[in-house]
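In the part that follows, the structures are each spelled out as C-alpha cells.
Both complexes below contain chain A, partnered by chain B and then by chain C.
Moving on to the complex of A and B:
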C-alpha cells in the first residue's frame, strides 16, 4: 500500500513537470474550462428561466448535480482518457510488455501512469458548485444523507472505473478495438441532468448498460433523502461487486495478451 | 475543373470508406447532446403545456430537424487541415495548380458527410419512431426554400473554420482557438435551444451573427415559422457573411502561405 502511494506521488510529479513544460497550453486549457463552466451555468439559468423544476428537481439541486457530474468528468479527463490512449497504443505495438515486466500490479500502472494533472483544478470548482447548490436549495441536510451521498458518489465512480477496465481489457482479445471507450465518452453528457428526464430507453442505457446516472443522479437522490436504506446498500453492493468482477476480468485478459512483436 | 473534383471525390470516398467503423462511432458521439436537450425541453413543455409558445412536439421536431441540418451545415475543416499545416504535410498540396482548401479539403469534407449520412439515416428513422414527431408544419415550398440556405450555411461555416484553421500558419494553438469559436456557435446558433428562448441580449446579438444560419434559421424556415421579413433578413445575412468569409479567407490564406515555413522540409 505504502509502495503504491509512493508510486502515485512519483506519477503525479512526472505529470506535473510535463504540464509545466507547456505552461501556456495549461493556462489556455484552464481558460477554456472556465468558459465552459460559464456556459453550463448559463444553460441552467436559461432552463430555470422557463420552469420552476425539472423532473421535480429545483435549480439548487441541478447545481449540486453539475458539481457531482464535474467530479466524474474530471476523473475521466485526468485519468481515463489519457490512460486509454496510452494503453491502446501499448497493446497494439507491444510496449505493454514493459508494463507487465514491472514489479507492480499492471492495472495500477495502466491507471495511474499517465495523468492530465491540471484538471485537478476542477475539483475546487466542483466543490464550490456543490456547496452553493446546497445553500441555494436551503433546508437542512441530514448528516446520514450526506454520508450516503459521499459513499454513493464514490461507489458510482468505482462502477464507471470498473466498466472502463472491462472495456479496455477487451482489447486483449480484439487488438483492433481501439474505439473501446467511445460509447462511454459519448454518453458522459447524459450525467448533467437528472435521469428521470430522459425517455425510458435512454434511462435504461445510462442506468444499466453505461451506468453514468448511478454516479451522478443517484448520489444526489440520496442527498435529498429519496433513497431507502436498502437501495443505498444495494448500490454500494453493486459498486463493490463490479470492482471485483473488473479486476478478475483484467487478470484473465492479461493472460490472453501475447505481445505484438515477440 | 469538374473532372478535377470528380477525381478528388473518387480518392476521398475510397479513403473515407476504410474508416467507416470510426465514422459510426463519431456519429454516435455527435447524436447524444441534441437528444438530451430534446428530452430536457419536452419534459418542461409537458409539465407546463408549453414554453413561450413551444409545445412538446415543437421541441421534438426542432431537435430532430437539428440533427439533419447540423449534418449538412457543420464541417470538420480543422481536423483535416490543422495537422497538415503544423507538420508540413500541406506542402505537397500547395504546389498543385488547384487551391488545396477549395478542392482537397472541401471534397474530403463532403465525402465525410456523404458517408455519415448513410449511417445517420437509419438512426434518424429509428429516432422518429421513438419520439413520434408531427411534421405537419413542413411544406414542399419550405423545403425548396431551405435548400439554398443550407448550402449557404455550409459554405459560411466551412470558410470561417478555414480562416480559423489557417491561424495554424502562425501558432500551434489552433485547437484552443477553435474551442472558443465553438463556444460562440453553441451560444448563438440555436444548438442548445431555439434562439427565441435564449436571453434577450443573446438574441439581439445572434440576429446579426452568421451562426444562426447554421442551425436555427434553416430549421425555423423548414417549419414555416419565419415571416417574409425575417426570411429577407436571412438572405441579407447570408449574402453579407458569405462575402465576408470569402474575403477574409483569401486574405488570411495568402498571408499564411507567406508565413509558412514548411516544417520538416
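Moving on to the complex of A and C:
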C-alpha cells in the first residue's frame, strides 16, 4: 500500500512536470474548461427561466448533479483518456511488455502512470457547484443521506472505472481496437442531467450498459433520501462486484497477451 | 536445477497461431468472415543451460526464434511446451522477486517516456523497484561513470540521439541491478562508435557484477566482442551451442569481396571466387573467397579488371549461419 502511494506520488510529480513543459497547452485548457462551465450554467439557467422543475428536480438539485457529473467527468479527463491513449500505443508498439515486466500490478501502472494533472482544478469547481447547489435547494440534509451520497458517488466512479478496464482489456484480444473507449465517451454527457429526463430506452442504456446514471443521478437521489437502504446497498454491491469482475477480466486479458504476442 | 546453472531450459517450445490468407480482394473478404489459422513453430524443443556470469550470444536469422526465446525467459510469453528455470524461478509466473532480479532490454522498444528527461524515468524506476535512496545514488553514480551519461539524462528523451537514448534505455533497465540480463539487439541502428561503447559497457558490467548476459544481435561484432559462447537457432531449432571460436573455424574462413564493374556480365569472374548475393541488392558483384586468399584475389582483381570500386567484408551473419547448416 505504502509503495503504491509512493508510486502515485512519483506519477503525479512526473505528470506535473509534463504539464509544465507544455504550459501554453495547460493554460489554454484551463481557459476552455472555464468556458464550458459557463456554458453549462447558462443552459441550466435558460431551462429554469422557463420552468420550475426538470423531471421533478429543482434548480439546486441540478446544480448538485452538475457538480457530481463534473467529478466523474474529471476522472475521465484526468485518468481515463490519457491512460487509454498511452495503453493503446503501448500495446501497438510493444512497450506494454515493459509494463508487464515491472514488479508492480500492471493495471495499477496502466491506470495511474499518465495523468492530466491540471484537470484537478475541476475538483474545486465541482465542490463549489455541489455546495452552492445544496444552499440553493435549502433544507437540511441528513448526515446518513450525505454519507450514502459520498459512498454511492465513489462506487459510481468505480463502476465507470471497471467498465473502462473491461473495454481496454478487449485490446488484448483484438490488437487493433483504438475505438475501445469511444462508447464511454459518447454516453458520458448523458450524466449531466437526471436520468429521468431521457426516453425510457436511453434510461436503460445509461443505467445498465454504460451506467453513467448510476454514478451521477443515483448519488444525488440518495442525498435527498429518495432511495431505500436496500437500494443503496444494492448499488454499492454492484460497484464492488464490477470492480472484481474488471480485475479478473484484466488478468485473463494479460494471460491472453502473453499467450499470443510475438 | 543445479547450483552451477543459473538458467536451465528444457524442451522449450512456442507455437504461434498465425492467421493466413491468399492475396487479393476476395480472399480478404473471405478471411474477414472466416479466419484460417496456421501453426508456426517459433521455438522448437530448445535445450540449454547457462552458468552465472556467462555472456552468451544468441544467433540466428530473422524469425529464428531468438526474441521469442528471450521473451519466454523473461516471463513475457508462456511457452506452448517445455520448461525453464531462471535462478530457480519459472519466469512466466511473473513473480515480483523474479522480475526484480532480471531485465529485458530491447533495442527496438522504448521503456523511457518520450516527453520527460530520462532522469525522471529513473526516479520512477526507483519507486517501482523500491530502491533505497543511498543505493539508488550509488547505482546511478556507477551507471553514469560506465555509460558516460552526463547531462544527457536531463534532456527530454525525444531530443536525444539514438545512441544517447540507448544509453539511457540501458541505464533505466539496470537501475535495480539485475543479475540476469536479456538483451535483444541492444546495438541496433547505432553507429560504430556508439556500438563499441555499449559493448564496452556490457563487458564491464558483466565483469563488475558477475551478471549473466544473454544477447541477441545482428552484428557479428557484438557477439565476437562479448561472447565466448554462442547458441545458434534456426527455424526455432537449436543448431549449435558451444564456443564461438569453434564456430568461426567452421564457417568464417570466408570473405565477401564486392566489385564495382561496368558491364559485369561481360566478364567471367568464376576464376576469382564463387558469386554470392550482396546485402543490399546494389550494382556491385559479390564474390565469396576463402579468407586466406582474400588479399591475393583482391590484388588480382584490381590488376586484371577495370574496377572502379571494391569492398571486402565478412559475410553477413545470415549467410554465415545459412552456410553453417548447409555445408
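In this section, the second predicted complex is superposed on the first by the 257 of 262 C-alpha atoms of A that agree within 3 Å, B and C clash if a C-alpha of one lies under 4 Å from a C-alpha of the other, contacts with A are read in each partner's own complex, and residues count from 1 in each chain.
To be clear about the criterion, a contact is a pair of C-beta atoms (placed from the backbone, for glycine too) under 8 Å apart; a residue touches a chain by one contact, two chains touch by 3 or more.
Treat the numbers as computed from the prediction; the structure is a model and nothing was measured.
Asks: Which partner does A:100 contact after superposing on A: first (chain B), second (chain C), both, neither?
Replies: A:100 sits against chain C, while chain B stays out of touch.
Asks: With both complexes superposed on chain A, which partner does A:91 reach: first (chain B), second (chain C), both or neither?
Replies: Touch partners of A:91: none, neither chain B nor chain C.
Asks: Check the residue A:258 against both partner chains and state whether it touches chain B (first), chain C (second), both, or neither.
Replies: The second partner, chain C, only.
Asks: Which holds for A:10: it touches chain B only (first), chain C only (second), both, or neither?
Replies: Touch partner of A:10: chain C, not chain B.
Asks: Can A:185 be said to touch chain B (first), chain C (second), both, or neither?
Replies: It touches chain B, and chain C stays clear.
Asks: Of the partners chain B and chain C, which touch A:25 in the superposed model: first, second, both, neither?
Replies: In the superposition, A:25 contacts chain B only.
Asks: Once chain A of both complexes is superposed, is A:129 in touch with chain B (first), chain C (second), both, or neither?
Replies: Touch partners of A:129: none, neither chain B nor chain C.
Asks: Enumerate the residues of chain A that count as touching chain B in its complex and touching chain C in the other.
Replies: none
Asks: Quick one: which bits of chain A touch chain B in the complex? Just the residue numbers, please.
Replies: Checking each residue of chain A against chain B gives 24-25, 28-29, 32, 35-36, 39, 43, 46-47, 49-51, 53-55, 179, 182-183, 185-187, 189-190, 192-193, 197-199, 201-202.
Asks: List the residues on chain C that touch chain A in their complex, please.
Replies: Answer in residue numbers: 16-17, 42, 67-68, 71, 74-78, 92, 94, 96-97, 99-100, 102-104, 106, 108-111, 113, 115-116, 120-121, 123-124, 127-130, 156.
Asks: In the complex formed with chain C, which residues of chain A make contact?
Replies: Residues of chain A touching chain C: 3, 6-7, 9-11, 13-14, 17-18, 21, 93-95, 97-98, 100-104, 255, 258-262.
Asks: Taking the touch rule as given, give the residues of chain B at its contact with chain A in the complex, in rising order.
Replies: 21-22, 25, 28-29, 31-33, 35-36, 39-40, 43-44, 47-48, 51-52, 130-131, 173, 176, 179-180, 183, 186-187, 192-193, 197-199
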